[in-house]
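Have a look at the structure that comes next, please.
We just call them A, B, C, D, E and F in the order they show up, numbering each chain from 1.
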Amino acid sequence: MRNSRQWPERGVSRIPFWVYSDPEIYAREQERIFQGASWNYVALEAEIPHPGDYKRTYIGDKSVVVIRAGDGGVTVVENRCAHRGLQFCQLHLGHADEIMCPYHQWTYDLTGALIGVPFRRGVKQQGGMPADFSLAEHGLRRLKVARRNGVVFASFSDAVESFEEYLTPPILELFDRVFDGRGLKVLGYSRQLTPGNWKLMFENIKDPYHASILHVFLVSFGLNRVDQPNRVVIDRLGRHASTMTSRGEQKRTEDNADIRSLIEDLTLAGPAMLDPVREFPQYTVCMTTVWPNLIIQQQSNTLATRQIITKGPGSFELAWTFFGYDDDDEAMTQRRLRQANLMGPSGYVSIDDSEVMALAQQGIAHASEASAVVELDGPGWREEQAHGVTESEIRAFYDYYRTVMDL
Amino acid sequence: MRNSRQWPERGVSRIPFWVYSDPEIYAREQERIFQGASWNYVALEAEIPHPGDYKRTYIGDKSVVVIRAGDGGVTVVENRCAHRGLQFCQLHLGHADEIMCPYHQWTYDLTGALIGVPFRRGVKQQGGMPADFSLAEHGLRRLKVARRNGVVFASFSDAVESFEEYLTPPILELFDRVFDGRGLKVLGYSRQLTPGNWKLMFENIKDPYHASILHVFLVSFGLNRVDQPNRVVIDRLGRHASTMTSRGEQKRTEDNADIRSLIEDLTLAGPAMLDPVREFPQYTVCMTTVWPNLIIQQQSNTLATRQIITKGPGSFELAWTFFGYDDDDEAMTQRRLRQANLMGPSGYVSIDDSEVMALAQQGIAHASEASAVVELDGPGWREEQAHGVTESEIRAFYDYYRTVMDL
Amino acid sequence: MRNSRQWPERGVSRIPFWVYSDPEIYAREQERIFQGASWNYVALEAEIPHPGDYKRTYIGDKSVVVIRAGDGGVTVVENRCAHRGLQFCQLHLGHADEIMCPYHQWTYDLTGALIGVPFRRGVKQQGGMPADFSLAEHGLRRLKVARRNGVVFASFSDAVESFEEYLTPPILELFDRVFDGRGLKVLGYSRQLTPGNWKLMFENIKDPYHASILHVFLVSFGLNRVDQPNRVVIDRLGRHASTMTSRGEQKRTEDNADIRSLIEDLTLAGPAMLDPVREFPQYTVCMTTVWPNLIIQQQSNTLATRQIITKGPGSFELAWTFFGYDDDDEAMTQRRLRQANLMGPSGYVSIDDSEVMALAQQGIAHASEASAVVELDGPGWREEQAHGVTESEIRAFYDYYRTVMDL
Amino acid sequence: MRGAETFRALPPRELRLELEALYADYTGCLDEERFEDWPAFFTEPCLYKIVPRDNFERGLPLATWLCESQGYLLDRVTGIRKTSVYAPRRIRRIVSGIRIIGWNGDALETRASFAAFETLIDELTRVFIVGEHRDRIVAADGVLKFREKVIVFDSLLVPNSLIYPL
Amino acid sequence: MRGAETFRALPPRELRLELEALYADYTGCLDEERFEDWPAFFTEPCLYKIVPRDNFERGLPLATWLCESQGYLLDRVTGIRKTSVYAPRRIRRIVSGIRIIGWNGDALETRASFAAFETLIDELTRVFIVGEHRDRIVAADGVLKFREKVIVFDSLLVPNSLIYPL
Amino acid sequence: MRGAETFRALPPRELRLELEALYADYTGCLDEERFEDWPAFFTEPCLYKIVPRDNFERGLPLATWLCESQGYLLDRVTGIRKTSVYAPRRIRRIVSGIRIIGWNGDALETRASFAAFETLIDELTRVFIVGEHRDRIVAADGVLKFREKVIVFDSLLVPNSLIYPL
């Protein structure tokens, strides 16, 4: 990495723009973060209910396959044949009784163990694998797996602590708020390729400040505004966080006077689209970020996991899995589907976010000499806060980032 | 940069092909040339007549915004919000009373000074910016500006000399030949993305030799030919230059015997397209290059600024702004518009140039071991020359280039 | 190159995945392999029968032009003007009496010698080339050429041995099996851009193991199967090789029990497509690989040269030239054209190969830490083998590769 | 053409011409960014959906874009014009292969393939998304309208945002 | 429409409508991957060829894809469904500019331009290949069928594999 | 069809068919590089312009390509065939959504969307430019001709050169 890479003096209230564009920083992130001692979101168990069901996804740059094993357990393997490296799985979702690589049909069981090598003993006493070739040494690369209430995480590192310790009690509690053990029902998928660095996505979600200002839609309908009850929780290391708010009224007050974007007379011609029912205690919105690749979205009744998939320094993919609960009635499912209009590539709310992230990357891509100014409610950060006029989640994120990245 | 980067022994009568393709050379060019002590063309004042009018453009890789300030002055700022780096401006031309970044609505006045930060004092005594946060320290990055006869230049460096000194008297005189103080009228824009290194564009214009040979159209109609009166002027440092010629006849002579491309019986079925009137003294064509990003085109009655925008080592954008004068009559405007058929992506003349530049890049991209041979009328160069059978402008350009780039 | 580049301990029975994706490895391959002491396939003489006929092609990254000279000889030059580097030739196949670069019309004869420079002596005693400028020093870069039985090879290195020594007797014999001195008739071209490293193409052809397993079509119709007579020949250095097989029956036997993909009742509704006649001695299929860019295909009656053109670490182009013999009758030509359905971008056989190579690149691109396991019939390799249950050709290839690349 | 009867009664070739005019007017309206005129191409109530082919084929109900009435359509226009923050863009729509599937009560089922191209500031034009219109068309107030338009696109992945209707 | 006579007798405008329906049904069948229905668009015998423009213009006989009968077409469907190994993909076909060249015996010569788009898993859609259909159409069993379809594509280079018919 | 009256008198559906034939013949002529036949699609005098949408919408008069008569068109053909130096290329034109805007005197105003694709040697095909035809069509010598064709393209940026007509 260029020796010039010195983090600015003012610490995490500055973010040097080279962290968003330097290919060597990106390579180090893959090694230390995504292939490091982290728990990466990979699937909902509901996506692979039966033995042999599998899902193809990514952890950072690496494609992995999540498989429901015969014993009901879950296997996660790197999507790369142990023979000559083929990415054997090419379906988002599928079913197979065993894993067979197309090139030479090496075959693996549902735990990734190599069980078959054609002509291993040769043909007519000729060729074949050496006598000392042991199937056991040539299985697929298998990841460590953690499951909690129907959500599956995986890690390339054996050193990683248990998922519960990893999350820490305050975040775990908010995780369980949505994933409360009830069966989940997948409603569908949505995916976007955003021309921005992956960290911009976290900064965006860890930024309650912007919500009140950028999202005309949210602020006008009082879905999310700083002048409403807010709560911010951060784990002790700063890597995870959660932002909660409660819906307020569509009203101009002295406290939201700064919000130019509030349109008091904005109305919906199709109100059915936005007609939430109270479903979770206290807060109507709860956005939780789990290091290094997950956002848990609970905005009124629309629920989704948002998985961040890095695609080089300059872009990332956001993979949305919208879900409900097995015990949802038809009306609730309808509600979730209608409110989904707020989210995804065409979301009334998330359009703004995807667009500003693209603009951010354009602004910083050619400005390695400059830095972001992250001083709101700074310079430090606290694990618990009662308001959203803060950038402390972002500072916390970079505190941890710098440790892991040794920057 | 690869240590292997040694300029060939024969000096500027050789150009090593790695200057056109090495990403590290390109990075150094951005730093030392475009962000260095140079005056970069950014706009015509006529594009932003009224206070609040702005234009988005580029200096090298960096997007900048040219703004007509309230006092009639011109501000040039980097197109990057001081908060978290958003490229806030997304319109080629527009109008605004102040500059507001969409993400968190930090607001700047027309001089780039930060004037507003929402919730700076927090909400309900909570959050907000630290007490020591000073608006004054967080304005947009502002560039040094020079204006002459309606043309706007900007510099990232405060060390740069005055525009007049920069240009030097001989070039300044030719600059004033077209920009004589009369009001300018913008006729329209044209832009091309050429798959070649930006320096190839300068070499092309600084090469009177090619004009007589490549452009069947020019030579056949005697618009530009070496056997016609030619004049070449170079500033003392070699970075700027100007080539002038006078229209000749469509006739095969002993002097142009070498020009295979001359078609004596070529005629126009639509002659109105090419029916120039004498407008400027002495020479009918005058092409002036101003380091590091401008070509001033006066070909008969078609006038344009051609701005060079680098897009990586392997391509550049050529942004044409065609203009006339406020006092042009309808007939003259028609003439300029018709003669514009010679220029731009579909220009009878410039097609040849864009195409050969693309071919040049293809030839040199994979030949770092080889060099261009620039010996015509060499090996040296003079500030004043009376003929066009020369590559001296190119040698002069690289003399200066080597100094700035320390190569 | 990253110091981390250490070939794995187990030698060529492992291939580290960074050889397929590291740009510095790729750059070194260009230098040492394609521009090194190797014979690169460039054309069939039948493509340029008459003096002045030329063909544009590539050796690695470099575009070259193959020209039939006046004396019937063949010239190969780099496609780059000696003046300022233009890639002057832009046609796959063409004819010209001399080579003229469009930019300044420097002119070369059919041997690449510079014969004309416009205005070399200036105009009206002004300008022009310096007195000491010698045409002889500024010809096109000319490559060493070898021809055998109508096939043309070229080398950037003068150190390379004769083509016959280069090929070695066993491979030469198989080369002559198809190129037996009869006149060749070009039937047509086919080209694919495969998103994989160029070496994957050689591994695929040098892998008789896969043929029996991957290609349902081949194995079912017994066109190529390990339980059939197989012969593998490798030159003493390991860089070239040849695989031969004979057609067998469409029958499930104990020996092919491992082949899941064999469909016993597979039939052709259009049998005419696959109705070969015995044309060559002993083996019905013979695939020969000539280092570093050629595959000679003889599959039943469909004959082709497959030229490998590198396009960066992550992709290569496969340029197919299908041919027959001057003395083919109409029926034989028909047969060759029909059997061509097996090959190319839509080939019943080669589709499988292009697809698995793409999958391989996807699997290995982000796995520099891992290696391919190449142990079948290993760990060594022999110059002569009587079966196809082996990966020895691949090991041989990398033995030589490591020497040349100093890895 | 007049009302439902006339519509129902049209011979196939006439029908095809009506459809070609309808699709041309529809895409023309959008290519020229006359979004305010867009809802009028639909009946009330109506169904307008944009769905990735993956969800569609798996029978997953989630849509990228869901409108169930004129009101929903209007709100989208408000979003485009007033509430959403986005960089300027131009979308060009090419439609081809209009197929008449058959009658379903008073509604004509049709399908057509499309390709949409996106142009962002300072960029070259690029392929945006491609896919299929799956429509139900009825005659109302003497013109043809979409009672249902389900746009199924081939790539699950969207190039950042899908802001303008297709 | 009925048999050959009727076909031959159709006034140009009617003819154009028949052709538009035919091409729409043809590309619709392929876009929706109903490959089993594809051979029925051709007569027996028939000629179906995909050829790079370079070979076509040089008069070189090699085709990228050559089918000379219904049998050949069926074998291709078998290849797609049973024997070929390939990554999942989606091809979307846009056809435009259908031209009537003239009659050649009982066959109508037509041409049309096309653009095909490819979508691979986890990728954005990209241009696949573009080119021209050069067809001979006859009326058989009361419908129009291709006696000959030669697809000439502009780029010699193919993005890896061309697996589905165009 | 005959002269101006007949043209004026055509019922919309017939009209659409005439237009589809006209646009198909026009793009076919260009796709097949029969540039010499191109001027005959225009009246004398005529206006043929290619304009970036930015200039068009801002009312800036500059065109990328401006022809005001048959002579201008012929000169462009001469440029392509004789005077211009350029690398070989192939342009494929897709036109869709032909709209009848209305009559303006004896001229019919029409619009259509287009996408053009470029193929350079040794390259894959790529999107070239997309945009809209804005035309005025009259009947002359028993055929339809363009009195005016203004091609407005979406991207200000052109991929290097625009050499062949659109």
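The rule is simple: a residue touches a chain if its C-beta (ideal position, glycine included) is under 8 Å from a C-beta of that chain, and two chains touch if they have at least 3 such contacts.
This is a predicted model, so every value here is computed, not measured.
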Enter the minimum step count from subunit D to subunit F; a value of 1 means the two chains touch.
1
Same-site or different-site touching of subunit D by its copy subunit E, using the half cut:
different
Once you find the CA centre of subunit B and the CA centre of subunit F, what distance in Å lies between them?
32
From the mean C-alpha coordinate of subunit C to that of subunit D, what's the distance rounded to whole Å?
49
Subunit A and subunit B have mean C-alpha positions lying a whole-number Å distance apart equal to 45
Contacts with 2+ other chains: residues of subunit F:
17, 20, 85, 87, 94, 96, 115, 122, 124, 127, 156-157, 159
Multi-chain contacts only, two chains or more: what residues does subunit A have there?
90, 92, 102, 193, 214, 317, 352, 356, 359
Contact pairs between chains, per stated definition
A-B, A-C, A-D, A-E, B-C, B-D, B-F, C-E, C-F, D-E, D-F, E-F
Within the complex, subunit E is touched by subunit F residues 14, 17-18, 20-21, 23-25, 27-28, 31-32, 90, 92-96, 115, 117, 119, 122-127
Of all residues in subunit B, which touch subunit A in the complex?
30, 61-63, 78-88, 90, 102-105, 118-119, 122-124, 126-130, 133, 138, 141
Considering only the defined contacts, which subunit A positions touch subunit D in the complex?
92-93, 186-195, 214, 216-217, 220, 263, 266, 268-273, 317, 322, 333, 337-338, 340-341, 344-346, 348, 351-352, 354-356, 358-359
Parts of subunit D lying in touch with subunit E, wherever the complex brings them together
12-13, 16-17, 20, 53, 94, 96-100, 111-115, 127, 129-132, 154-157, 159
Can you tell me which positions in subunit D touch subunit B when the two form their complex?
85, 87-88, 121-122, 124
